[in-house]
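You will see two complexes here that share subunit A, one where it goes with subunit B and one where it goes with subunit C.
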Partner chain A sequence: MKNRILKLIKEQSIWIILIFSLIFFGIMTANFFSFRNFQNILLQTSINGIMAIGMTYVILNGNIDLSIGMIYALCAAVVIGFQSLGIVPSVLIALAVGLIIGAINGIFVAKAEINAFIVTLAAMIGVKGLLFVYTGERAIIGTNLNFTYLASIRIGFMPLPAIIFIVLLIIGEYILRNTSHGRNAYAIGGNQDAAEKAGIDVKKHIIINFMLSGGMAAIAGIIAASRMNTATTTLGRMDHLWVIIAVVLGGTNLNGGYGSLIRTLGGILVIGILNNGLNLMNVHTFYNMLIMGIILILVIYIGKKFEVTKS
Partner chain B sequence: MGGGIKLNIEVSYLLENLLAWSIISKNMRGQIELKKLIIVLALSLILVAASGLVLAQENADIVIGMTANNTGVDSYQTLHDQAFREKCDELGVEYNILDARGEPMRQVNQIQDLMTKGVDVIVVWPVSGQAIVPVLRQVQQEGIPVLIANSKIHESGFELVKGFAGPDNITQGVYAAQMMAEALGGEGKIVEVMGTPGYITAEERSAGFHQEIEANYPGLEIIETQPANWNREKSQEVMENYLTKYDEGEIDGVYVGDDNMGVGAINAIKSAGRGSNLKMTSATMFADGYDEMIAGDILYGTLYQSPIDDANYTAEIALKLAKGEEVDFFNYFETPKVTDENIDEYERPVW
Partner chain C sequence: MSNGKLGKFSKEKILLILKKQGILIFFAILLLSVSLVSDKFLSLRNITLVLRQVSITGVMACGITFILISGNYDLSIGSLLSLTTVIVINLHDKIGPVPAILITLVVGVLIGIINGTLVGYLKLNSMIVTLGMLTVLQAVTLIYTGGTYSAISNPEEAWFRFFGRGYVFGIPTPVIIFGLFVIFFTIILTKTVYGKYLFALGGNRTASLYTGIKENYITFITYIVTGLTTAVAGIMMGSRMMAAQNYIGEGYEFTVLTAVVLGGTSLFGGSGSVIKTLVGVLILGFLSNAFIMLGFPYYVQWIVQWGIIIGAVWMDVASKRGKLWA
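Let's look at the complex of A and B:
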C-alpha cells in the first residue's frame, strides 16, 4: 500500500505540484478561488495548451519544434487577412498554412535527416520573415465582428477556446493510447533504429507529428486572432519556449519515448496558475520572472530526482 | 512613503543572496541540495508575500492596476515604471503593475487578471493599439475605467476607454516643424526619417510635421519620407541614401522621429562631409541628442519628453478615474522645445 502511494506520488508529481500551487495562491490572494478566475485560467492556458498537444507528439518522437510560435503568429495573420472570404474559408486556409509548414519541417527532419532543432530553428526564422512580408510589418485589423465573438462564446461555464483545447486533448490522448500511430510514436522515441527494423514507417510518423504540431499551432493562432481581432508581428515570440517547458514539466522525456498528454495538461495548468497567481499577488515584474524561473527549475529538478529513484 | 519600494528592493537582495548561497553550496558539494533549494524558495515566497502585505497596510483602499508595454527594454520605459511606482507611493494608493513584455496576448491576459482582482482603474500602455480592443469591451461591461498610457489605441477602442494620458505626438511634430522653419529661415527642402510605419507614435509625429509645414510654411517642402524603424543604424543607411540621391544644395533640412535616429543620420552626414549646410530637428530628445546639440551644429532643435513627467501625469489622471472623477479624453503633458538657446536650462536626460 505504502509503495503504491509512493509510486503514485512519483509518477504524478505534476498534479501534486498543481495542488500545492492552488493552495498557495488560494491563501495568498483574495480573488484566486473564484469561478471567474478559473474561467480566466482556462481561457488563458488554452492557446499554449493546444500548441502543447502537437509539441508532446513531436517530443515523444525525440524531436523538437521551435517554429510553432511563429506558425501561430503567421496563421493568426492569415485568418485575419483572408477574412473577406468568410470565416470558414479563412480558418481552413490558416489551418492549411500550419499543416504545410509542419510538413516541410517533418520532411526535412525525416527524409533529409537534419536535426529537428536546426530545421525548426530555421523554420522559425523563415516563418517570421513570411509573417513580416505578409503583414508589411503592420498590424492587420479584423473587420468581421462575428469572428471576434467566437472566442468569447461560453458553453455552460466553459469558454469555447478551453472546450476546443480539452476536446483536442482527449482525442490526442486517445490516439496515443489506442492507435498504432500513438504506439509507434513511443516506439520511435524509445529507439528509432529498433522501430525501423521492426518495420515501422518511421519517416511517415515523424512527418505526421510535425504536421500535427503545425496544425495545432494554426488552431492556436486562429483562437488568438479571434480573441484580439488583430494580428501583429509581435505575437508568439516566446510561446514555443513556454510550450516546451509545459511539456517537460508534465514529465514527458525530452529524448522521447516517455510521456503523455494528460501530463502535459498538468504542466500547462501549473504554468497558467503560476502566471495568473503571480499577477494577482502583485509581485514586482522582475521578481515575477525570477520566481517563475526558480519554481520551474525546482519542479523539473524534483521530477528528475524521482525519475532517477525509479530506475 | 516609499516603504514598499524599499522593502521590495531588500527582498530582491535577499533573493539574490539566497540564490548565490544555493549555487555556492552546490559547487562545494558537487550537487544541488534539494532541501536548501526548498528553503530558498519558501523564504523568498514568504518575503515577497510579506512585502505585499506591508504595501497593503500603507495606503487607502484605492488600487491602480497597470499593464506596461515592455519594462526594461529601453530606459524610457524603465524610468516610466520607476516613476509611476514612486508617484503611486507619494499619492498613497496601492498598485498592481504588470508587464506584458512586448507580447499582445500576454497583455490581454493581464487585463483579465486585473479585472478579476477588482482594481479601481486599469492603466494600459498598449503593446498593440488594436489587439486589446476586444478585451476592453469586457472591461467596459465590468464598469472598470481604463486609461490608455503613452501610445494611443486604435480609434475603434476610443468609446471603450475613459481617456488617454501621455505625450502629444502630433504637437511634437508641429513643434519640430516650427523649429525647422526657424533653422532654415522659412525656405528650403526637407527630407524626413520616420519611426516604424504603422505605429501610431511614428505616424503622428510625421503627420504633425507635415500638417504644420503645409499650413504655415509655403517656403518649405518635404521632398521625401523614409522609415528607419526607430533604429540608429537603419537611419544612418537611409540618410546615406538621401545624400547620394540629392546633391549638395538639394536638401537643407532633415527631420527625424527621435534623437536616436537623429544620431544615426548625423553620422552619415558627417562622414559625407555635408554638415555645414544641413540642419536637423527631432521630435524627442535622448541623451545622445543632448550631447550632439551641445557639441555640434547639425541638430538645431528637439523636444524634451520626460518619462518621469509622463509617469507622474499618468498616475495623477489614473487616480482621478479610480475615484470616479471625470477627466478629459486626451491628457497631454508638456514637451517643451529645446534648442541651443535654452539647452542649459535642461539637465542631460538619463534616457
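Let's look at the complex of A and C:
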C-alpha cells in the first residue's frame, strides 16, 4: 500500500508540483491569478512547448537532441532572411532547414550508431556556425508587416502561438497513443534490441523522430521570428536546456520507453509559471537559470533513487 | 622468414602506420598546404601565437582526458572557466593577486567535489548532471558579478600578467605551464596506480569492480582534477585578458572535447593518452588559425568542428565494429 501511494506520487508528481507552484506564486505575487497573466504564460510557454513536443519523441527513443536551440535560432533567421520571396515560401524554407538538420542528426544516430548526445552536441556548435555565417553576426530585421501580424492574431482569447502549440500537442499525443509510430517509439526506448528483433524498423523511426525534433524547432523559430520581427545570434542559447528540463520534469524517462506529451505539458507549464512568477516577484533571470539547473540535477537524482528502490 | 612474408608484413605495417598515425599525417599535410598559401602561417611569430592560444584549451584538455579515459564526461568546464576567470579578475584588485589565485583554485576544487559527489557517489549520469552544472555555474557567475564586466585596473603594472602574457627564457609562460601539465599528467597516467585504475574503470567497469578498485573514490578524485585544471586555465585566461565578461568560457567544453577526441582518446572510456591530447589540441589550434589566415571569419571553425567531431567519433565506432554503417 505504501509503495502504491509512493508510486502514484512519483508518477503524478508533475501535477503536484504544478499545484504547489500555482499556490506559491498566488500568495507571493499580487497579479498572478489574472486572466491576462495566464494568457501571457501560455504565450511565453508556447515556443519552448512546441520544441518540447519533438524532444519528447526523441527522449522516448532513449536519445536526446541538444541542437534544437540553435536550429530554432537558425530557422528564425532564415524565415526573416527569405521574406522577400513571400511568407509561405520563407516559412517552407525554414521548415525544410529544420527537417534537414534533424535528418542529419537522425542518420548519424541511427545509421552510424554514434551516441545521440555527441551527435547533437556537435550539431549544436555546427548549426551555431551556420547561423553566424548566414547572418554575418548581425541581427536580421524583417520588413514584411503581415508576417509580424501572424503571432499577434487571437482566436477568442487565445493567441495564435498558443493555439498552434496545443493543436500540435494533441496531434502528437494522438500519434503516440494510437499509431504504430507511437507504440514503436516506446518499444525502441524500452529495449532497442528487442524492438529490432520484433521486426520494427528502428533506424527509420529514430530518424523520423529527430526530423520531428528539428521540424518543431523550426516551427518555434518561425513563431519567435514573427513575434519579434528580428533574429539575432544570441537567440536559442539556453533553450535546449529549458526544453530538456521540462520534458524530464514532466516525468518522461531519459533512458527512454516511458513518458507522454501530457506529462511534457505539465513540465512546460511548471517552468512557464516558475519563470513568470519569479519575474513578477522581480527576481533576476540569473536566479531562474540557477533554479533550473538545480531542478534538473534533483530530478535526475530522484529518478535514480526511485529506480534503485524499484529493483 | 621468406621475402614474400616480409613484403606482406611491410605492407600491413604501412597500413597500420597509416591507421595509427593518420592524424599526424593529416596534420603535416595541413601545415604544408596552408603554408603554401600563406607565408606567415609557419613563421615563428605565428607558431608562438598559436601555441599561446592553445595552452588554455590544452591545460583543460589534460583534465578532460582523465575524465574521458575513466568513462565519464564533464560538460560544466566551460561555465567553470567563466566562473574562475571572473573570480580571479574580480578579486585581484580587492584582496591581492596571491589570495585571488588561491581562492580561484579552491573554487575549482569545490566544484570538482560537487561534480565528483554527484557522479562518483550518487552515480548520476555524468552527461546530464554536468549539463545541469553548466547552467548552475553560468548562473553563479552572473549572480556573482551582477552581470557586469570585470577588469583589472592597472593591467600593465600587475605582475599577475605573467601567467598569460609573460615569458620565461623567451618562451611564453602559458606554453610552459601547458608543457609542464602534459609531462606531469603523462607521468600520472602511465606510472601511477591511479592511472591504471582510470583505464580499468573506463575499459571494463564490471571487471574493475571485482578487482576491488574503489570506483566511487577514483571518479570523485578525477572530477577534482578536472576542476583544478579548469581553475588553472581560468587563472591563465584572466592573466591573458586582464578582464572578463561573464560568458568568457562559453563553448570551451566543446572545443576541449573536440581536441581530445581528435587526438584519438575514445569517448567511450578505457583508452587514450595525454600525448594524443597534445596532438589534438595542436591540430585544432593550427586549424583554427589556418582558417583565420586564409581570411575566413572565426565562426567558420564551428562548422568545421561539427564535421571533425562526428568524423573522429565515427571512425572510432566504425573501427570497433569493422564497418562504417551499423
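We adopt the following convention: the second predicted complex is superposed on the first by the 273 of 311 C-alpha atoms of A that agree within 3 Å, B and C clash if a C-alpha of one lies under 4 Å from a C-alpha of the other, contacts with A are read in each partner's own complex, and residues count from 1 in each chain.
As a convention for this text, a contact is a pair of C-beta atoms (placed from the backbone, for glycine too) under 8 Å apart; a residue touches a chain by one contact, two chains touch by 3 or more.
These numbers were taken from a predicted model, which means no experiment stands behind them.
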Contacts of A:36 with subunit B and subunit C, given as first, second, both or neither: first
Of subunit B and subunit C, the chain that contacts the larger number of subunit A residues: B
Contacts of A:122 with subunit B and subunit C, given as first, second, both or neither: second
Subunit B versus subunit C as contact partner of A:200, first or second or both or neither: neither
Which superposed partner A:243 touches (first subunit B, second subunit C, both, neither): neither
Touching partner for A:287 - first (subunit B), second (subunit C), both, neither: both
Touched partner set for A:108, first subunit B, second subunit C, both or neither: second
Partner chain in contact with A:301 - subunit B first, subunit C second, else both or neither: both
Touching partner for A:130 - first (subunit B), second (subunit C), both, neither: second
Subunit A positions touched by subunit B in one structure and by subunit C in the second: 136-137, 238, 284, 286-287, 290, 294, 301
Complex contact set, residues of subunit C against subunit A: 118, 122-125, 127-129, 131-136, 138-140, 142-143, 147, 251, 254, 257, 267, 297, 299-307, 309-310, 313-314, 317-318, 321, 324-326
Touch list for subunit A against partner subunit C, complex: 108, 111-115, 117-119, 121-130, 132-133, 136-137, 238, 241, 244, 254, 284, 286-287, 289-290, 292-294, 296-297, 300-301, 304
Subunit A-touching residues of subunit B, taken from the complex the two chains share: 8, 11-12, 15, 19, 32, 34, 37-38, 40-41, 44-45, 48-49, 52, 55, 68, 71-72, 81, 95-99, 101-105, 108-110, 112-114, 116-118, 127-135, 138, 154, 156, 196-198, 229
Complex contacts: residues of subunit A adjacent to subunit B: 24, 28-31, 34, 36-37, 40, 43-44, 47, 136-139, 141, 148, 151-152, 224, 227-230, 232, 234-239, 275-276, 279-288, 290-291, 294-295, 298, 301-302, 305
